[in-house]
Structures are given as structure tokens and as C-alpha cells.
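Same chain, two partners: chain A is paired with chain B first, then with chain C.
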Partner chain A sequence: MKTVMSNKFAICLYVLPALLLILVLIYIPIVLTGYYGLMDWDGIGAMKFIGLDNYVQLIKDKMFWTSTYHSVLLAVFSAISLIFYLIISVILASRIKGANLLRKIYLIPMLLSSVAIAQLWLKIFDPTNGMLNKLLELFGVENTPIWLADPNLVLVAIFVPIIWQYAGFYIIIYYAALKNVPEEVIEAAKIDGATPWQIAYRIKLPLISGVIKVTIVLAIVGSLKYFDLIYVMTGGGPNGSSEVIASYMYKEAFKTYNFGYGSAIGFALLILCLVMTWIIQKLTASREDIQY
Partner chain B sequence: MFRHKSFSILMSIVMLVVLALSGCSSSGNESASGEEGTVIKFMHLWPEGSSKAQYTIVNNIIKQYEKEHPDVKIQTEILGNEQYKDKIKVLSASNELPDVGVTWAAGYLKPFVEGNMLAPLDDKIESDFKDQFVAGTTEAYAVDGKTYGLPLELNITPVYYNKEIFEKYNLEIPETYDQFLDVVKTLVDKGVTPITLGNKDRWTGSMWYMYLADRIGGPEALANAINRSGSFEDPTLLKAAEEVKKLVDMGAFVKGFNGLSNDEAKGYFMNEQAAMYLMATWELPNYTTSPDVTDEFKEKVGYFKFPTYEGGKGDINSFVGGPGVGLFVSENSKVKEESKDFVSYLVKEWGKHSVTDAGVIPATVVDTSNTELDQMYIDILNDLSNASNLTLYADVQMSSSVAQVHLDMIQSLFGGQAAPKEFVKKQEEALAEEE
Partner chain C sequence: MSEITTQKRMKTIPHTSPRPKSSIGSKVGFGLLYLILGIIAIFQIYPLVWLFFFSLKTNQEVFGLSPFALPKDPQWSNYVKVWTQGNISLYFFNSVWITVVAVLLTVILASFVTFAITRMYWKLSKLVLGLFMVGIMIPLHSTLIPLFSFFNNLHLIDNPISIIISYTAFNLPLTIMILLGFYQTLPREIEEAAVMDGCSIHRIFFQITLPMTTPVMATIIIINMIYNWNEFVFVNTFISSDKWKTLTVGVNNFVGQYLTDWGAIGATLMISIIPILIAFIALSNRIVEGLAAGSVKG
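After this line comes the complex of A and B, so read on.
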């Protein structure tokens, strides 16, 4: 092993396949997207270089800012919901009865494909025959909301399944991290007379802070580029009131055949994600990983 | 030193792989005319699994053609609808379109024509199809006076209705718009959903608007607005938008229509929760031949033509509709003449079989006298031959970016977020900008 690791040629050789894949499938397309963003191109005919026109248009485009606002809103909600996941995980990890079963139940949404989840929730939200409105009618609500067709409600309605979809994922991550906290540390704290609250807040949380940081990045970046449920359930509608950056990009590139502009939106999304990741890392980097 | 060397090795491997990859993609289309005669590459979008009837018709025609032309081989590539669209796009970008392929009309076709990728087929229409196509169908594939596609399908949009619901409330088939409003009003009063509409897809609402525009302003009003000899702020087009708003305010459409897809909305009609449904004739199999629908329901479904508007210019035999998919021949094909020949053969044969075998109305004239067809098909085909005008779906007529504005505005108009005035103004602006 040592001899292999000292041979730089061998290192290159072993790294090469993965590097090539990443290069061809990720980095080159990213560069190309930036390049297409400088073009006036319908995806079929000839490209015309127009400099930064697409980006200037982007800054003036109201719809782009609306969809950015929706994406950011989703990111904020996802980040906030992490707190609840954490609380649930702490409870699950503290050996309550039935924790095993509950853990599995929370995980089920993650096992479903996004399209299946979308179909499921479309049925729930159906204004006349849907489960939700039938339930509301049982409680005597007249004029039940039309959920996905109401521009003022659609965002809330669609955030629920998105957040529901990923709950299991984060709970499992937190659960695993909490289970990794050494038993001795907690025993010692108990002997010193720490309350369960103190154990959770003062000992467990700091110990899994690294994992929390990762999940914050995952939740925020994941929300910013979120696409699938929104595409299937509302298509960004009605009237763009549930449009997010990724769905707007798709619309511009593949529906309007405005590939150049779509690429510019995609590139803006990439930059936004990078900036957000950088900000989160700056905000959380101050503390070093604690170990006992 | 060493680092330098390994880097250059790495780079040369990268180059090698890139070259090899690009080599793969272009090696595929060289066998245009090999030793075994002519090979025509044909891409279509009816996989055996999901569109068995169409697949079988096309397959039989190909076999027959190969039998009659022993020196020609047809090589097919079959993809589902969406994948087909994607692949055609990629192929056209690298100038590798198949010799023969499937295309949609008007707005979809235009960029391909402008990129000089499709061959004009007017000579074939002249020589092989004199008066064979239903009027107004090939025109949808014309750009600047030349026709680049031969249409296979044709659809018109009648209003389907549930006879049982109509009978229950003593309703007659409306012939004028006022009668239609009475029907809607009665149904609303009785607590029945009059019309189901899946306006999440937006082109569905567009059909309602188009009919109203046609009945009020005549077929020219909308056509002129789009071809820029008129304006979208024409009073009749504004009036049509106001009528839409009136319908919405009356509660004519199913609850939450802006959040329902067409398929979901269709469910309301199929479950007899809504009395009327405006949709193209591609729905006909569901009311006639489809084995998945009960006969009991099929008997309850009838259709009527969109009613006339008092004082309006449009007549009742004018239809919103248009050709669905058609066939193109690639301009860069090495076997262009043979491909044209094959396309014209396929379209002709398709016209003989598509209604009876697949329930698809072809764009060529159908002889109804000696085929065994469901009565509803015969009625529709007769209506079609009496049609005074065929208006192509607005979003297909427009360029794709204007079409998006139109569709967005349709959703806003129906949803009440845009007033009729704003509705016409926004579209006029979008159309004017493209001029």
C-alpha cells in the first residue's frame, strides 16, 4: 500500500476513471451551461453570441425574482423543519417504546419515488373528491379551499409534501449520529446529575454538530434546486405562483425553446447555491468539531 | 518533472476518451446506401407497449412496402413521446436527423425549417394527394408557402356531454350561446358541475377561449391577430375574454380547475360528476371502442358542436382542431427521394387503416360508406367533411415564446388574476414584440 501511495503515477491512474466521469458529466456541462448562457439559442438552430444580454434580462425579469423568492422560502422552511426532525430523533434515540417501528414509519416517504408522492398528494388535494377537503367537510367547513389552484395557498400546499418527503431522510441521519454518541459520556453526565434536557442540549447536540452542518447545507441547497414535485403537481402554476428557479429554468429552456436564457437561469442557480453553501460554511465554521 | 509527465499523460488520455466518444456518435449513420440496397431510417413514437394499435399499423405498412420495394429496407427506431422529442432535438443539433421522422405542426416545425433541416414535400402533395387531404391540414405544416410535413392525424373538438344528466334536468342540446348559458345556469342551481376543465395544462382553457373568439369574431379575428394583419386588442377578442370571465363567475367550471390536469379533469366526466367536457376527438375511443370503459357509460356520452353566438360572425360548423403529428423527410438525407416516396406511401396506407384499427382520424379523407365504424365516429367524420373552417390550436399557431404568454394569460384569465383587458393587452404586446 505504501509503495503504491508513493507512486504518483499510480495515484493518477486510480483517480483517473472517477475524475473523467466527473469531468465529462459534471464540470464540462457546467462550463457549457455558462457558455450557452451567453448565447441567443433556440436549442436547434445556430447560436448567436450576445454577451451578457441574457444575464441583464435575468436581473430585470420579475418572474425570475418571484421564483427565486419561492425557492428561498422553501429553503427557509426546510431549514426550520430540521429543528423538528432533530427533536424527533432525540426522542427516538432515547430508547422510548416503539422507537424502532416509528423510525421505519418516518422512513417510508423516502422510499417512494417523487412522482408517486406527487400523485398521492394530488389525490389528497383534489378540490372535490380529495381526502383533505372531504375531511374538512366532515368538520362542517363550507367553501373548502381549492389548494393547488389557489395562488395564495399553492405554495403552502406544495411545501407540505416536499418537507414530508425528506423528513425520514434527515431523521435517519440524526438518529444514526445520535446513536454514535458514546454511552460513557452520557453515563458520566447522568452520574453528575445532568437532566435529560441538559444531556441532549449540552452533550449530544455539540457532539453531532458536524452532522447538523451537513444537513443544513443539504436542506438549503437541495431546496434551492428543487424541481420534481413542483413540476408534477403544479407545473409552477397557477400563474407562476408556485414557480421555483429550477422549474422556471425548465420552462424557459424546454417549453419556450429559449435555451440561451434557460442556461443563464441555470448558471444563476448554480452561483446562488455556491454562495449559499459558502455562507453557511462561514456561519458555522467558527466552532471546531468537539470530541471527548 | 514527474508531476509534469503524469499530467501530460492524464491529459492525453482525456483527449483520447473524448475523441473516442465523439467517434461513437457519428459512426452510426453511414450505412445509407450499402450493398443491400437502400436503407431508410425511420423514427416514430408509437412503442408496441403503449400504442399497440398504431405500432401494428405502421409495422404492417413497412412490411408491405418492403415487399413491394425489395431493394429498400426500413430501419425503425421507436421511442415514447417525450423521449422522442428530446432525441429529435439532440439529433437535430448535431445534424443527424433520421431520413424520415414524426413532427408536430406549425410552431414546433418552424425552427427545424429555419435551420434548413427538412425537405419540402409539395411535389408529393401535388402528385400523390390531389384533394386527398382534408382542407386546412397540410397548411399547418407550411412555412413560407412550402409544406414540410404530411399530416397523419386530425382532431376536432366537440363538446361531449352526459345524456343522463341532461335528461334528468330536462336539458336540450344548446344551439345558441344563450341556450348554453341556460344549461350552465340550471346545472349550477341544481348543484351539478356543468363543465370539467383541467386548466393546469392551460391549452385546455385555450380551447374554450378559441371557440368563443371564433363564434364572436369569426375565424379571422384570432388568425389575423396572430399573423399580425390584425390586433389582439380587437373588440371581438376582448368580448370573448369577457365571456370566459362570465362563465367562470357563474361557476360553470369544476372547482379548482386551475390546479387540475386534463387527466384529472377527465376523471370528473368519466365518473359522471360533470355534465360537459370540451376535448378533441382523440377522446373518442373512450366513448366508443375502448375496452377499459363500461358500455353503460359509453351509451351515456353524446356530443354537440360549440353553440353559435348571437350577433357573432362564426358559424356552428367552424371547428377548433387541427392535425396532430405528421411525417417529415430530412433535407440532408442521402436517400431523400426514396424517403419521400415512403412517406407518401405510409400516409396513404395509414389513412385506410387508422380509424378502423386505432380509432385515429387521419388527415386524409375517409370513405365512411364501406367501413364498420361506431356511429359517433361516422357523425364526427361527417361533421368534418361539412366543416366550414378548421382553426388550429392557438398555442400551436404561435411561436413557442408567444404561446407561453398566451397559455399563461389563459390561466390568469380563468383564475381571475388578469382582467379581460389585461389578457388581450399582454398578448398583443408579446405578438408585437416578435414582429
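After this line comes the complex of A and C, so read on.
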């Protein structure tokens, strides 16, 4: 067995194509992003080495901090909304008839492209003919908001389709985890007189803490990467009030052809994602994953 | 997993545990829970129903009447118009073949790697697995500028090869993660027997292992299909001419031109999501399983 299964030629044949793809298209580019960040470069002409100038400029750049603030805000919103998804999942997993159908209905928006979602919600938020304002008018609201054109409302408005898109995804993850909690643990708690609330809070939640940790990482790192939806819905506007890191990077690189500076932003995004992942892992590592 | 727990439960818990008595209070409570779950379901589904309705309406109906009204005289011509007049049919075809090629490439390469990692003996296997797993955390936006310049130097900008290999590279980590869980549970006895019989490693992979993975194969194919079908950033960045655009980018540009024709916009959006909805109705269990497995087993 061992001799056949350690055939060097076969191993190379099986591993190298995929390995080359991720090295060339993922790992080398992230190193190059940091390197291009040291350059003054328009993407076409020659690069000029300018040391840390781009990174110094980045630290002083108000727009960069504004977009970072928006990204972090979305990440915090997303992390908080996990609580709401968790509660729904606990309800769904507790002897609800039709739970299977319901969680599938919840999931449908997740399967659509962000572009389709963005275009659909552009229509829903349309100030004069959109579903939302027409609904508000039915309830007698005058001076209906202009949603995406209002700098104070735009981030909140954008967060609604984000919830719409991802709620089902987190609910099926939690639901699957909750259904994996062995029934005898819960039956034992019931015999000991635990209330449904105690069972949910003291038994089920600690048992799925590993999964909750994964979803926190997914929600926070995922939010830092938001791009498609915002790019299509507002393009970062009005006047930068919905700009996020990825959209700001895209604008700098592919709209104003500031490839060097765009790379510096891209590198900052990478560092932010990796640091956040590491911090969440550290913060939650102290609690040992509970086994059952 | 769930089968095992069910068996255990049947053995260890005879039906002696007292069932909660149904009082009026608990009935009202349950009613309230169903109400909440129902409202969420409506929130999730109604925007799509509204989209379907306005794709069949005239502008007068959309602007003048209630958004909750049914289309009076369904304008199927909206669909015919966008399918025949714009490039939507071309974008649709591009989305189909690019998705299919990228999915096939991803699935076969990921199966190769997973087989090598779980079945073969080599020193760097842990390191290589680590590289694939860390790949899940890397934001693709951070790779966009170097990738653009790389493809530009190879004259692959505005060439579908650039997006196909990018899709493959960025979907490999998740696909391998889902496959790993399955390969680790597969029994090795058949493969070991085949080695004893002098079977070559390639025949073992293609004729024994690969056919055993068909259940998980269905899951990763459908998950990859959805991701590729919906991808936007790579196409938007690497493709500039209409002949290679896929539906996401095509729809986005097209809708921009039709700012005021709501029926046409609705029909275009419906065309782009119908394949996904059909796949979902046919394969919802696989999709649910794939999405849940992708994160839970991490």
C-alpha cells in the first residue's frame, strides 16, 4: 500500500495543477499587492519606487478612514444580527412543523447574485415608485425618505438587503448545528426540570460554540470585503457616505488609475482581514470547544 | 451523524419522559412563534414576488397603481423584448459555458488534491493543505490589481481564460474543504484490496475512489455553479467587450441603460435568477447541505 501510495510522480501530477493555480492567482498576488503599494504607478506605464509614501498618505487619508469606519460599522452590524439569526434557529429547531421548508424559503435570497439583489433593492428603495415608499404612503407617511440618496440613511438602507441576503445562510448553519446536539442531553435536562429557555441558553448554545465562532469570523471578515452590492447600489455615494474599503480601492485603481495607491489600500484590507481573524480566534480560544 | 443519534435515542430513551401539557398559554406562545417565522418568510420571499409582478407590468401600472396589485394584462412581451433586442441571450450563453468549464475544472482538480492529501504519503502534505485552507480567508479584492496586471502582461485581459482560472483558483479552497470531510469518512478497504491486486494508482482514483464520491460531488457541483453564475468582480474587471461578458455584468450595464423601463428591468433580472431558482427547487437539499457543510466542518 505505502509504496504505491507514495509514488512521487503521481503525487506531483495530482497536486501541482491546483497548487500552481492558488500560488499564482492568490498567494503571489497578495505579496505583490504589498510590493506595488511601494510604487507610483498608473497600471500601464513604468513603475517608480517611492518607498512608503503611499502608506504614509493612506494613514493621513480621511477618505480611507471614512471607508474603513463604514466597513467596520457593517461588520459590527453583521455580528450583532447573528444573535437574531441564532434566536430564529433555536425556534426553528425546537419542534416546529415545516421548519425544513421555512429554512429553505429563508435561504432563497442567498442564492441570487449580489448584482440582482442590488438592482432589485434599488427598485424597492426608489423614492417615488419603489415598494417601500409606496407602502409607507399607504400607512399615511408623508415626506417619505429618499433612502439611498440620503447620506444619513444610506448605510442603514444598504444593510437591509445585506440582512435579506445572508439571514438564510446563517440560519441553516445554526439549524444544522442545533440538530446535531444529541437528543439525550436535552431529554436529560428536561427530566431534571430545565425550562426551554435554560435548555437553549445553558445547554444548546455552549454545545454549538465552535460553530458560532466560525460564523462570527465569516460575518466580520465577510463584511470587511463587501463590494458588489455597494458598488452597484450607490457606487460609494452619495459623496462617499457609503464608501467601504473594497469600493474605495476599486475606485482608486480602476477609475482614477492610481494602481500604486490602490494596491496600498488592497494590502491594508488584507492585513485587516487577517488581523481580525486572528483576534477573533484568540478571543474565543480561551473557551475550550465543548465536546459531547 | 444524525442517523447515529436517532438510533441512540431510540435505544436509550423509552417513551417515559413526560410530554409538556398543552395549555392555552403554550398554544398562544406557539401561535406567536409561527407568526414571527411567517413574517420573516414573507420578508424573504415578497421582494421576489414583487419583482416577478413588475416584470409583467407596464410603466403606467408600476407608477400609477398599488405595488401589491397583480399585473392586469401580463406583459410577457417584456421578456421577449429583452431576450431578443439586447445582448442578454449572449450573456446568458456565456454564463452557462463559463460556469460549466470552471465547475468541471474545480471539481476535478479539487478531487485530485483531496485524494493526494487523504490517501497518499508525502512530507509536504500538511503544508499544502494549510495553504489551501488559509486561502479561504484571503479577500479576493486584495489580489485584483496584481491579477489585472498579470493577465494584462499575458494578453489574457478580455479573454474568458482569465475569469475561468480565477474562478477555479478562488473556489478550490472551499471545495477541497467540503471534499476532505467526505474522503475522511470513506472506507479504505476497497482501495487497499485494489493495491494488493496490483491496480495502478490512476485506476484506483478514477475507477474506485471517484465513483464513491458521487454524493458529495453533487453538493460541490451545485455550490460551485451558484458561486460562478453569480460572480461579478472578476468579469467586471477583466472583461471589457460584450462578446465575453456574463449575465451579472451584462445585466448591470443593461439595466443602467433602461433606467425608466421597469418592465424590461424586471424581466432582465428574472431571466438572470430563473436558472438559480430552478436549480434550487430541484436540488434544495444538496444546496442546504453544501452551504452548511462549508462552514460547520471548518
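Some points to look at:
We take it that the second predicted complex is superposed on the first by the 274 of 292 C-alpha atoms of A that agree within 3 Å, B and C clash if a C-alpha of one lies under 4 Å from a C-alpha of the other, contacts with A are read in each partner's own complex, and residues count from 1 in each chain.
One rule holds in what follows: a residue touches a chain if its C-beta (ideal position, glycine included) is under 8 Å from a C-beta of that chain, and two chains touch if they have at least 3 such contacts.
Just so it is clear, the model here is predicted, and its values are computed rather than measured.
After superposition on chain A, the partners chain B and chain C collide with one another. Residue contacts after overlaying the shared chain place A:Pro127 against chain B, while chain C stays out of touching range.
Residue contacts after overlaying the shared chain place A:Leu205 against neither chain B nor chain C. Of the two partner chains, neither chain B nor chain C is touched by A:Leu73. Once chain A of one complex is fitted onto chain A of the other, the partner contacts of A:Ala194 are absent, as it touches neither chain B nor chain C.
Of the two partner chains, neither chain B nor chain C is touched by A:Val156.
Legend: residue contacts after superposition of the two complexes on their common chain; A:Gly43 is shown touching both chain B and chain C. By the touch criterion defined above, A:Ile108 reaches chain C but does not reach chain B. Number of chain A residues touched is higher for C, counting chain B against chain C. Among 77-85, 185-193, 221-229 or 275-283, the region of chain B with C-alpha atoms clashing against chain C is 77-85. Counting contacts by the rule stated earlier, residues 8, 23-24, 43, 128-129 of chain A appear in both its interface with chain B and its interface with chain C. Remark: chain B residues 2-3, 6, 9-10, 13-14, 17-18, 21, 89, 92-93, 111-112, 114-115, 117, 193, 199-202, 254-260, 264, 268, 273, 400-401, 404, 408, 411-412, 415, 417-418 touch chain A in the complex. Against chain C, in their complex, chain A makes its touches with residues 1-2, 4-8, 10-11, 13-15, 17-19, 21-30, 32-33, 36, 43, 88, 91-92, 96, 102-116, 119-121, 123-124, 128-131, 134-135, 138, 164, 167-169, 172-173, 175-177, 179-180, 182-184, 187, 190-191, 211, 214-215, 218, 221, 224-225, 227-228, 232, 246, 249-250, 253-254, 259, 262-263, 266-267, 269-270, 273-274, 277.
For chain A in complex with chain B, the touching residues are 8-9, 12, 16, 20, 23-24, 42-46, 122, 125-129, 146-151, 154, 234-235, 237-240, 251, 255-258. Taken in their complex, chain C has these residues touching chain A: 1-2, 5-6, 8-9, 12-13, 17, 33-34, 36-37, 40-41, 43-45, 47-48, 50-51, 54, 62-63, 66-67, 109-110, 112-113, 115-117, 119-122, 128, 131-132, 135, 137-150, 165-166, 168-170, 172-173, 176, 192, 195, 201-202, 205, 226, 229-233, 237, 247-249, 251-252, 255, 262, 265-266, 269, 272-273, 276-277, 280, 284, 287-288, 291-292, 295-296, 298.
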